[in-house]
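As written, the chains take the letters A, B, C, D, E, F, G and H, and residue 1 is the first residue of each chain.
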Amino acid sequence: MLENILRQVQNGSMSVEDATKQLAPFENLGFAKVDHHRKQRQGFPEIVYGENKTAEQIIGIARALQAQNNEVLITRITPDKAEAIQNVCPSYVYDNTSRLLYWKNSEQAGVDRKGYIAVIAAGTSDISVAEEAAVTAEVLGSKVHRFYDVGVAGIHRLLHHAEDIQQATVSVVVAGMEGALASVVGGLVAHPVIAVPTSVGYGASFNGLSALLTMLNSCASGISVVNIDNGFGGGYNAALIHQLIHRGNA
Amino acid sequence: MLENILRQVQNGSMSVEDATKQLAPFENLGFAKVDHHRKQRQGFPEIVYGENKTAEQIIGIARALQAQNNEVLITRITPDKAEAIQNVCPSYVYDNTSRLLYWKNSEQAGVDRKGYIAVIAAGTSDISVAEEAAVTAEVLGSKVHRFYDVGVAGIHRLLHHAEDIQQATVSVVVAGMEGALASVVGGLVAHPVIAVPTSVGYGASFNGLSALLTMLNSCASGISVVNIDNGFGGGYNAALIHQLIHRGNA
Amino acid sequence: MLENILRQVQNGSMSVEDATKQLAPFENLGFAKVDHHRKQRQGFPEIVYGENKTAEQIIGIARALQAQNNEVLITRITPDKAEAIQNVCPSYVYDNTSRLLYWKNSEQAGVDRKGYIAVIAAGTSDISVAEEAAVTAEVLGSKVHRFYDVGVAGIHRLLHHAEDIQQATVSVVVAGMEGALASVVGGLVAHPVIAVPTSVGYGASFNGLSALLTMLNSCASGISVVNIDNGFGGGYNAALIHQLIHRGNA
Amino acid sequence: MLENILRQVQNGSMSVEDATKQLAPFENLGFAKVDHHRKQRQGFPEIVYGENKTAEQIIGIARALQAQNNEVLITRITPDKAEAIQNVCPSYVYDNTSRLLYWKNSEQAGVDRKGYIAVIAAGTSDISVAEEAAVTAEVLGSKVHRFYDVGVAGIHRLLHHAEDIQQATVSVVVAGMEGALASVVGGLVAHPVIAVPTSVGYGASFNGLSALLTMLNSCASGISVVNIDNGFGGGYNAALIHQLIHRGNA
Amino acid sequence: MLENILRQVQNGSMSVEDATKQLAPFENLGFAKVDHHRKQRQGFPEIVYGENKTAEQIIGIARALQAQNNEVLITRITPDKAEAIQNVCPSYVYDNTSRLLYWKNSEQAGVDRKGYIAVIAAGTSDISVAEEAAVTAEVLGSKVHRFYDVGVAGIHRLLHHAEDIQQATVSVVVAGMEGALASVVGGLVAHPVIAVPTSVGYGASFNGLSALLTMLNSCASGISVVNIDNGFGGGYNAALIHQLIHRGNA
Amino acid sequence: MLENILRQVQNGSMSVEDATKQLAPFENLGFAKVDHHRKQRQGFPEIVYGENKTAEQIIGIARALQAQNNEVLITRITPDKAEAIQNVCPSYVYDNTSRLLYWKNSEQAGVDRKGYIAVIAAGTSDISVAEEAAVTAEVLGSKVHRFYDVGVAGIHRLLHHAEDIQQATVSVVVAGMEGALASVVGGLVAHPVIAVPTSVGYGASFNGLSALLTMLNSCASGISVVNIDNGFGGGYNAALIHQLIHRGNA
Amino acid sequence: MLENILRQVQNGSMSVEDATKQLAPFENLGFAKVDHHRKQRQGFPEIVYGENKTAEQIIGIARALQAQNNEVLITRITPDKAEAIQNVCPSYVYDNTSRLLYWKNSEQAGVDRKGYIAVIAAGTSDISVAEEAAVTAEVLGSKVHRFYDVGVAGIHRLLHHAEDIQQATVSVVVAGMEGALASVVGGLVAHPVIAVPTSVGYGASFNGLSALLTMLNSCASGISVVNIDNGFGGGYNAALIHQLIHRGNA
Amino acid sequence: MLENILRQVQNGSMSVEDATKQLAPFENLGFAKVDHHRKQRQGFPEIVYGENKTAEQIIGIARALQAQNNEVLITRITPDKAEAIQNVCPSYVYDNTSRLLYWKNSEQAGVDRKGYIAVIAAGTSDISVAEEAAVTAEVLGSKVHRFYDVGVAGIHRLLHHAEDIQQATVSVVVAGMEGALASVVGGLVAHPVIAVPTSVGYGASFNGLSALLTMLNSCASGISVVNIDNGFGGGYNAALIHQLIHRGNA
């Protein structure tokens, strides 16, 4: 490709200015381009990690994104910060449980992607992280089926939903305490499982370390793990796989 | 009781020598006596932790115990050490899988205690620890049903045995890697579960830490935990509970 | 049993509807049934982990349980949350020290089970966890004898109560800091000991890790361990063993 | 489905024996069936974790699998054990670098699945784990492109291959020491990245903990992590996603 | 001694009541007696760990101690709690820096013990822990010389005081961050060094773990270590050694 | 030198008083002198760790330093404490982002040292630590170029600045989460890199441990590491190296 | 003192050469002198940490020490290395259990110091560390009483020896596993206790971490701790305190 | 620069081939060029991490390097591997203590750089790591002064060399166990200190963690840290700084 551009410059079919743009340091590597293409191709909005940013910083980024008609998804926003941002960006939606703030371009017709993601949570205390996964996946264009409070201490609760879970395209399993749910789900399904350990628990849960280790050591195949309480990561990975499998609504 | 003895001394019905024996420092506390009574009452043999003892030390202890017609159970004995001891104590039985060495007094008629202990192991690699639990419980007079290779990654293998496990008096669950089996069993049964984490695994299993934390954080009630690879502890606790529940063969 | 039901369907002695109910996925496995039977058979109330539930969620669960005339035990309830719940459920009892909220069906005549559980606490700072164990066991129908402030740094305080502790059916040992009490009690008694490490301490206690490791490594036999500060787990395990040993008030 | 079967039994179109088979405890749950179907549908062989199994145990399992004409993949086999097994199963292939032993049914025509998996390794020391991922994926029917020795300390080595990596369907990134490669790759591609930390390193790498934490904390989206040195897990997850995206050779 | 008492009972020179008192369970063991003697012999007050006790509990204990004219030392008292106690016990002294609350019997003439304890603190941030050590030792009757802000990053500050430190009877070294001061002092003196790590620091000090490990691994002989921030332990150990060396004011 | 002074005393060319001053314990060792000379020679102000000092303590130290016309740099000062100090020392400058408080002697003409330090931060959340490094280096007389928000998840952002970073004399790399930026920068430049891990992140970042381990295990040469969040240390080390390389404005 | 020497130089009563020697860098500080005096005054031999030294290095050091008629104590010597050294230094004594190699100057009449050190070991596996403490103390001139196999799981074994232990001048408590013995001994005695954790144990003992934490968190006063398996440190500290208390055979 | 090249292509002064080479992906970024220039400009040889490479792999790399007349430095080579390589590359020098294997181009006249690096080791056991630092720096063209066995437990040994250490351009401090030496040296000198923790020690040294934490938490300014046992890193960093300060032999 490089030689191509150079030949065009040589024979005058491309101006130095245009070639400079295409060959500017990181454009030359291709990844910035890919970055742009990805959004158009995949309909994935720009993700902003909101935890350590001020409302002002977020508003600045949000306006820039909206100017390009891009969707916006901001994670880990407190209600107060959400309110401050919504005062300026009233079309933004804030979800209390998942602490996500997002804006979807209403002009972009909803994707009607086949299949769904199963978001499975062990206990009621894991629901806020599970919702971060679920809403993330939904904003990214996936359908989500929620299976909450199906922890392994009452295995029949999970088994009752086994068929629905098995028919999902990909599962996100959210669990704190001993985090055993991921292994059991992993053994039940033939699709990828993204495991999200949570910091729910006390004492020897060591703020989620217990669930994290459990999931990393799972004897079931097809499980991979994201950071403790990283519901966003769970939802993003699931949506990424989901849309690759069912792109073109196939 | 103290006053009683003193009154007997005062009125001459007990000699100073006899009173001295009964009131000697730790006899006065009762625990040494209890120690003796425990063996007679419960048929529990003396347990010797064999790992850091020489064959000579163990032979010495074993002879003293046999002299009192007591049963003997020695843990963590290598085949070499077992052979050295058996040369001197040919009636001792060595179990290769559990690395236990023991001697049962043939004169003591076998207890025909009701009920059984379920020893449940997640994978084939956990079997040596599971056998340490099982053989310990058997030497201590309990019947044992073994359920091996029933890890949670194929939950149907466990569920297939659910009824047999539920009818046990107490369960010992042995699992390495993510150790999730304890929670699932704990949710299935209405009896006490002794969980034994094992060091089976690699990487983030951190030599059994993962399974240990899983079991300590179990969301199922009725589970308590012993040290990593402590099959003996699992079997001992189970047998202790079992024989208290079914003493008098009830 | 399955074949039995099928034959009844075949010969018309059971309707398809009734068979469906009995053979529905997890009923077929037996654990849901067992779950129901367990309460009737054992008089054990449903346990609700209250820490991450809202007052509204708890009220909902509580009403459902009371509707079935079941007893209710909710753990880790703050005074504020307790008050909010009691406004709606005035018959509920709240225990400040143990932070337990419970309701006992007055119609169910109190069990007069033989024997008692010894709840033993090392220091005054461990008392709230010890009370969680003690009240849990009491709500579950066991008698409890309390032995508080008997830490090993003044071993005579413990030895003074040795006989009373030895006559218990099962002991719960609650200790923070170095947690050595479990080993000493374990060496004194011939019954099962449930050890509960607490987060009492500072510096190298690492929020209870020190006591937890101590208890897991105990050189005394017959000790098993629950999570740090898990007084409920200690009381539940003890009550479970106690009622199995003394069921039928024997 | 259950009601369906029962109606057939009722109207005599299904024998009690056949219904019993289909409704036997865990068949009723559906997962065992799924298990069977999965192999036929996906061409995935049975995976055997070889580390703690004897040659004899493995030969037993292998014969059973071959009897059903199933492919076989056994992980973590030492050369000695491989030789012992190959003496009995001469058609088995052993790969020295990845320590995998496998048998592919020659009758099953090779899948010609579209796309490929990029297996990317940071250093030469990570190659054995990378090969475990690559060969696993290949045995499971995926094409693999290898990119080795492209660690971040010489970022141009990685960027040189950026385009080839970006065109993969899924990437497996294998790295020890600081494990930073996963984040850089994650930022370059628009497909899922499975990160495999390795125990390569010394001192504060703490046997792979450093690389594991790096990967779990990645600021790049679309990364999920498996256990330290779990090349198999990396390859399995990648192949699972790959074949779901390109099933039907699409 | 036991036989002696019994003979007196036998010959009537001691009443059963008096013998009962002396032979009551734990009196018979001798440690409770020793406990009493220790206070009289050593002038050591009763120590109360104040952190988890209410003001009411402490007032109760304090009154009981004062009733016996015993000195009182209570550790880890917040200013608020101190004020509440002083309202009831106005003769109690509260030291803000060390958070110690104590009462010294004015009738007991001050000991004029030879020698002194060197309390050495690395930085100004370590002073509150150092003062807990120093005041503890003073309340226990030792003279204390303070050497503060003599951390190893400016070794001349310490060396300037080398002679004074060398002439102490025992040293208490208090240091956070890297805690290196203990080793340097240990290499300078020929008397015992009690090392007290503090939680001063941030990041990789891990709340005092760094200083604790440093002190435990000291290459200097004659150093022993107490818990993180345990100024009391440092002062108590030092005073105990000091008064044994210089008892009888020698 | 010592012999020299003594000869001068012997021949009367130096008074005993003057010799005493020069030979006083730690002066004799030379390091205190060096300490003085260092400030004059290097223009480095005295550094005060402000975190655990009261405003009063800091004012006292500051006045002493100013009395000698020395510059002052105080780290980790909260806005409140800064205000209290500035009330007394109005010429002091407080920087909100870096929490540094400092005073530069206006009489000392600014150094016009060649070259600059590159302060590179991975994310916006790392900026406060990065600013502590940058302002520290500036107060110590170095020019600083800032490169913020150039984390590895979008490697082109960093590469865009590669040339500017390569031309720096020394780099300070500030990164939290996985901390991978240090390795990438280390591979791009031929000058020393001081890596500063930050506590930015959540879950398995374990308050900066993840970034710390990453940086310690870097496969790039020329990287050394300071404590978590120790921006001051990063800036100080960089300025020290910078001024040694470009002393005499060369 | 400095001024004194200078005045002597000034008035000619001391030569420049003599003053130079006395004022040479570290002589001027006094610690090197003290170092020499310490040996003569205390009769303490030079201690050599043998673990990482070759036989040749040790022989070199040993000869230098013997040349000055100093006693020699070398720790952590394997039998092989001991034999190699004894071939050259036949008068050296090697103790197999403690792995100590030492040489005592036969001309120096044995000290007949009052009192004794109690070396107390929990289990038989702790004896090698306990012997390192005991023999170290003996080589340093103290009498030692050994109390072995008195772990807390059979508290009466310890209490049986309570009086003998209480009459010691100082105690060294050696324990692995849960390490609880230190707290119990600390509560029984009125003298300093040096606690030595050992690496005896398995699983969650984490190579002695469990015992170390137990001892650091002891609720008993008067306990200080040395490194894991540091029997030498325990013996040295005890002997140091012992000889300071009973110097002059008092 | 990019525009420049393009203009040359446009006006025909540069061929497409030449422009392609200069603008090829990573050449365009400039770092590969820098990489080449660095060697010529700095005389730094290529570094090979030898630990996980076979003799064959190393010989291959070595020959390629020698073909370009580049110097070679290979770390962590066992004597066996060194011998195998030397059989093929007889001009290579192997250093037993540091386990370094290197080849210096004899045609390149030795640099006579001003100043020297101080390599300071705490104990004799740290010497192999210290030598890895020292020989690395020497191969990279720096003069090295060694100061060994100057640990802080005998501070006078270090102070005796204070002046020589202070006059170095940069110091490398190598220490295991408590690692306190880095802080003391850091407080003595006005130049950068590279601290290298070693794994020397036992018990709570946790394989170098103790020394690592000590060095990271140093209260002395001007210290930065490399990985445990990373003598190479210490030497490389020091040589890098040294040659930047004294380039042009200034």
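A few remarks follow.
In this text, a residue touches a chain if its C-beta (ideal position, glycine included) is under 8 Å from a C-beta of that chain, and two chains touch if they have at least 3 such contacts.
This structure is a prediction, so every number in the text was calculated from the model and none was measured.
Here the chain-to-chain distance from chain C to chain F, counted in touching steps, is 2. A repeat of the E-G interface exists among B-C, A-B or A-H. It is B-C, with more than half of its contact pairs matching by residue number.
Farthest from chain A, judged by the mean position of CA atoms in each chain, is G. With centres defined as mean CA coordinates, chain E is found 40 Å away from chain C.
Averaged C-alpha coordinates put the centre of chain D at 56 Å from the centre of chain G.
Measuring from the averaged C-alpha position of chain D to that of chain E gives a distance of 61 Å.
In terms of their C-alpha centroids, the spacing between chain F and chain H amounts to 24 Å.
Chain contacts: chain A has residues 25, 29, 31, 49, 123, 154-155, 159, 162, 187-188, 203-205, 209, 212, 216-217, 219, 221, 227-228 touching two or more partner chains. Across the assembly, chains come into contact as A-B, A-C, A-D, A-F, A-H, B-C, B-D, B-E, B-G, C-D, C-E, C-G, D-F, D-H, E-F, E-G, E-H, F-G, F-H, G-H. Only residues 2-3, 6-7, 9-10, 12, 16, 19-20, 23-25, 28-29 of chain G touch chain F when the two sit together in their complex.
Against chain C, in their complex, chain A makes its touches with residues 123-125, 154-157, 159-160, 162, 200, 202-205. Within the complex formed with chain G, the chain B residues making contact are 25-26, 29, 31-32, 35, 49, 51-53, 57, 197, 199, 207-209, 212, 227-230.
Interface residues of chain H, counted against chain E in their complex, comprise 122-123, 151-155, 159, 177-180, 183-184, 186-188, 201, 203-206, 209-211, 213-221.
On the chain B side of its complex with chain C, the touching residues are 29-31, 34, 38, 41-42, 47, 49, 159, 162-163, 166, 169, 187-192, 194, 212, 216-217, 219, 221-228, 233, 236-237, 240-241, 244-245, 250.
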